[in-house]
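Worksheet for the structure shown next.
The letters A, B, C and D name the chains in turn, as written, and every chain counts its residues from 1.
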Amino acid sequence: MKTRAPLGMLLFLLNEAVFFFMLIGAFVYFRGSALATAARSLNLAGASIYTVCLLASSITMWRGVAAGSRGWLGATLALGAIFLYGQGREYWALFRQNVTIGGDQFGTTFFTLTGIHALHVLTGLLLLLVLLSGAGRRSALDSIALYWYFVDAVWIVIFAVVYLWTFV
Amino acid sequence: MKGLERWVSTVDHKEIGVLYMLTALVFFLIGGVEAMMIRAQLSLPGLNFLAPETYNQVFTMHGTTMIFLVVMPVLAGFGVYLVPLMIGASDMAYPRLNALTFWLQFFGGVLLYISFFAGGAPDAGWFSYAPLSEKAFSPHAGLDYWALGLLLLGSGTVGSAVNFIVTIANHRAPGMTIRRLPLFVWMTLVNSVLILFALPALNAALIMLLSDRLLHAHFFDAAQGGSPILWQHYFWIFGHPEVYIMVLPAFGMISEIIPVFSRKPIFGYGFVASSTLAIAFLSYGVWVHHMFAVALGRVFISVFAAMSMLIAVPTGVKIFAWSATLVGGSIRFTTAMLFAVAFLLEFTIGGLSGVAFATVPIDWELTDTYFVVAHFHYVLFGGTAFALFAAAYYWFPKISGRLMDEKMGRWNFWLVVIGFNMTFFVQHLLGLMGMPRRVYTYPNLPGWAALNLVSTFGAVILGLGALVFICNILASLAFGTRAGNDPWDAWTLEWAAKSPPLPENFETVPAVRSRRPLWDVKHPDAPDWAAEGGA
Amino acid sequence: MTWDWEPSIILGCVALAAGYLYFAHGRTALQTCSFLGGIVVLLLDLVSPIDTLADTYLFSAHVLQHFVLALVVPPLWLLGIPGSAAERVLQRRRVDGIEQALSRPGVSWAAGVGTMLAWHIPALFSAAIANDGLHILQHLSFLVSGAIFWWPVLAPVEPRRLAPLAAVVYLFGACTACSLLGAALTFTRPGWYPAYLNPTGDAGTLRLIRTGWGLDARTDQQFGGLLMWVPGCLVYLSAILARVAAWYRAPEPA
Amino acid sequence: MPLGPVFTPHSPEAQAMSALFGAFLVLATVIFLIVAGLVTYGIVRYRARAGAGEPRQTFGSRGLEITWTAIPLLIVTVLFVFTVRTMASIDAPLTPDQPADIVITGHQWWWEARYRNGADTANEIHIPVGRRVLARIESVDVIHDFWVPQLARKMDAVPGRPAYVWLEADTAGTYSGTCSEFCGMQHAWMRFEVIAEPEADFSAWLAREAIPPQPPSGDAAEGARIFQQQKCGDCHAVSPADTRVLPGPPLTHIASRRLLGGEIPNTAENLTHWILTPQSIKPGNKMMDPRLSAVDVGPLSAYMESLR
């Protein structure tokens, strides 16, 4: 049964979508009191660069699934890692400006939302790593790819809400 | 040791189902003991049987246990056991996920109870309103255990919901179309969709609460710019669908049991099935009725009041359909049927008192009093638990191969009915007299002591009834009459399997051409598929 | 606050009714009621004080107006069209082609939901209040996109309708979209559409609204969001239930 | 059996709620009797008879199903109309255009009532009979809920989110109230009283509360010294001029109050007991044990008694 794994994954992602919707909702809820700090401390240019990396990783993932190629999957892994590195740098820059999760409402909502998302990216990377080490099956790759596209799509929304909306 | 290893490593849906049910039974005993402690403390005004802080832990754990460690797992257990059998499948779609989700819920429960030994159990009530649940007001670790335990339980529940949907979507026997699903399976399906949309709201709220408590974020503490109301919204966006998550599978059980013992098909399958959909949709638009006592604005509140009243309609449709199924039947009063009929009446009371809370000015008087306590016990005990007793008597023969004892069943039934109504009916009156809920003691105002004492006596009787139930299970496991495959002369596919079923469930799955495949087999002269409305 | 018997609207409605009565052969009494009822509702929606309120004072009145245009009138019309008449028209190649193109679920869904979402972009909405031509376009677009949206659900010709479960997903998706927008309007600060913050209308009317009805700018936006969210969803839900109930009644194919 | 406060309302607001509840009760009883009748009829008339075969198989009836969908729909529509009308008649505006007459603040686990003239008291709210006053409900810590069953709607006291209720009584008397949202250890005893008195008495009380108490003399003066020495004033106000937000209830005119802690009668004996062992009567409250000797407690108690 070919469709089995993706249906389960799709349903799981539906649940995840609602989950992220609630977290993004909290960010928007507090946006009024968080905006000043956000505009002062976020680095739009940097974030744009690593966002592009994450989006590119969806393309490499798609090629990897289509061609069944380990090279493309390796590229996905690398791009995902760059994204996490970029986000780590953003966190570090914020810490240095004394913006932390225990600071104001911006810190609270920003770090919770992006932190949870980063955990999802990390999970995806680990799954890919397991797969590349030869332990996974073909059907697992379909599911992981689906998960990866989802995590990227969520980031597009987060990027729009957290970064773009702050600077327009 | 061999046996233990088998149970721990099993991926068979029937064994996992039994594990769920046994776990739930153990937690039911624990939750029951907590209930007894509550009633003992409240039996007279001014008692010091429990210290205030202990009492608050006990009622918090009672609620959390009964909801997350009893009702949810036992419903999942019946589902995991029965759904594959009822649709003619050999197992769930993902057997290993099935085992994983059970163990997630199991350890979630264990984690919750470890809190007792780690500096105190959670004590902010089962909905843990912020900022009371924040570190500033609940500094000990109980609430961290609560949030982490619920995250595990929630993840497990989501996993099993995914598993149910995929199983029902992809593993039905030939001829078992969506429109022919047994109503229990249909309601489990709808329920699983509800879970997928509702649980993430809880998970998000818990993550935010944990951020607050462990990382010093300020989602919910007003003093630092957070919003206590946000917690209420998020919790109840989960919490109200949760009420239906706990009651829909029970509706499904009743929809199986009443027809079989009335010897008639359910009255208006289509209406019962589509009203379930209506409930599922509406249940996302009613959460604010838990917050009517907050000043949210009249327009805002009115709209949610309208939705909350509206949801009574599809629920009422079901009550009428079940009652009408009785009429014209040939009713056999087994213990299962007794509980099912009692369910109709008790649940109607709980449903009607629920409409009181949708009627905003009444809510402004009675919310957070004992009237609420009475109301939701009529829904969750009079509704779900009565349906579960009925289901236990009905499906025990399939699971164990033996009938439960009917004589003990009668004792079980009457003790529970009398004890339950005695405990909780008077609590309506206490609410009307102004007794708030969640108090560890109360002033000796006129009438309060007497009614509380009645309630406590009722609880003792109810407890005895529950003990008789457990004795009946144990005794029937050992000495019960052999049941045969189909003791009730029933119509859904599970009764075509052996009792207990073979590891692969069926040797051959009977042909499915209508909603009652076994009726068709037994009555080749008047099969359902030839009848108007039967196919 | 008065009735505004705008001649073009009345003429349009009369023409529509006449056209229906003339062309729609084989209609039942119920269908006639439905179609003409749709016209009456449309008329009330556009000429009654709701229109004045919507244009100048209340966002919520405007939501109500659009709600009727997109979710009430088109379904009533579609239900009023007799199947035989529709079939005759659809036999023409070109009509059939257009129908085929527009009734693809993706297209019709995007038309309905997209129109609704697009007009609520603050700049566009404000422009529509300020500019009469744009305002008329807005109302027409709600009617037309509403009709396109509802066609796959309520088409007079059964084979042109979506399969029952597909229809459930289709409608549920629309319900989710309008819930999200409604919830956003409900839970966020007022001022999405600045014209409604401090309306420049007649002082007496304004006093009636603000103190008599208790609708301040905040409540107004909240009410508008709730109207979109709750009654909007109830329309979709009713359609879903009707479709499912009909499905359960129909015999299972062997 | 005493009737509950829901059935003995003493303000127009409570009467409106009561009337709606009465109507609802009748409606719910009728519906329950219909269901119970149908079920009873079913199980009595159609119980299985020996030797009877399977009954006639019927699958439903569309007419009936539509009827029992439509009628409840109608009922809830009517109920909704009454709900909205009653709401409008009892609810205070979300943002009133007049200042509140009383600011009522929930603390863990006592209620503070501050009047516009500066009078500040605890667990005892005075109102004039027959005149509607506007109360503003606040909280300084967790969520509480202000509830006087015979007089007014419940209102949650949410920190950072003040709300308003109308408070009114049509008869002079003492009405008991309580916190109705779980707020921690002593939620049970977060009780208070509303005392409705004739306009003249109320005005006199209000004026008295707003002026500082008589300076203490004799034993009480010694008590005042101990009060200061023990830093009791860090948590308790003893003058209406003291407007700090404090964790302990104001003691400015404590001797004129009926109850201690909203719980026990305000007698010298109880007061002494409370001061000696602050955690014995309402365990968990925020008062630390000053570990006073019995010798010190006497004057302190006398000082309290002098604060009228």
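Following the convention adopted for this analysis, a residue touches a chain if its C-beta (ideal position, glycine included) is under 8 Å from a C-beta of that chain, and two chains touch if they have at least 3 such contacts.
All values derive from a computational prediction rather than experimental measurement.
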Chains linked by the largest number of contacting C-beta pairs: B-D
Let me check something: if the centre of a chain is the mean of its CA atoms, which chain is farthest from chain C? D
If you average the CA atoms of chain B and of chain D, how far apart do the two points sit, in angstrom? 33
In whole angstrom, what separates the CA-based centres of chain A and chain C? 38
For chain C and chain D, what's the span in angstrom between their mean Cα positions? 47
Return the residues of chain B touching two or more other chains; collapse runs of consecutive numbers into ranges. 227, 269-271, 297-298, 306, 310
Two or more other chains touching the same residue: where does that happen in chain A? 29
Which parts of chain D, given as residue numbers and ranges, touch two or more other chains? 62, 94
Mind pulling up the chain B residues that touch chain D in the complex? 51-53, 56, 124-125, 129, 131-132, 137, 222-223, 227-229, 262-271, 293-295, 297-298, 301-302, 305-306, 309-310, 312-313, 316-317, 319-321, 323-324, 326-333, 341, 344-345, 348-349, 352-353, 355-356, 358-362, 364-369, 429, 431-434, 436-443, 445-447, 523, 526, 528, 531-534
Provide the residue numbers of chain C that touch chain B in the complex, in ascending order. 165, 168, 172, 175, 186, 214-215, 219, 222-223, 226, 229-230, 233-234, 237, 240-241, 244-245, 247-249, 251-252
For chain B, which residues count as touching chain A in their complex? 93-94, 97, 158, 161-163, 165-166, 169-170, 196-197, 199-201, 203-205, 207-208, 211, 215-219, 225-227, 230, 234, 237
Would you pull the chain A residues touching chain B in the complex into a rising list? 1, 3-4, 7-8, 11-12, 14-16, 18-19, 21-23, 26, 29-30, 33, 101-102, 104-105, 107-109, 111-112, 116
Mind listing the chain D positions that touch chain B in their complex? 1-2, 4-7, 14, 16-18, 20-21, 24, 28, 31-32, 35-36, 38-39, 41-43, 45-49, 52, 54-62, 64-65, 68-69, 72-73, 76, 79-80, 82-84, 86-88, 90-91, 94, 108, 141-143, 145, 147, 149, 153-156, 158-161, 163-164, 176, 178-188, 191, 263, 283-284
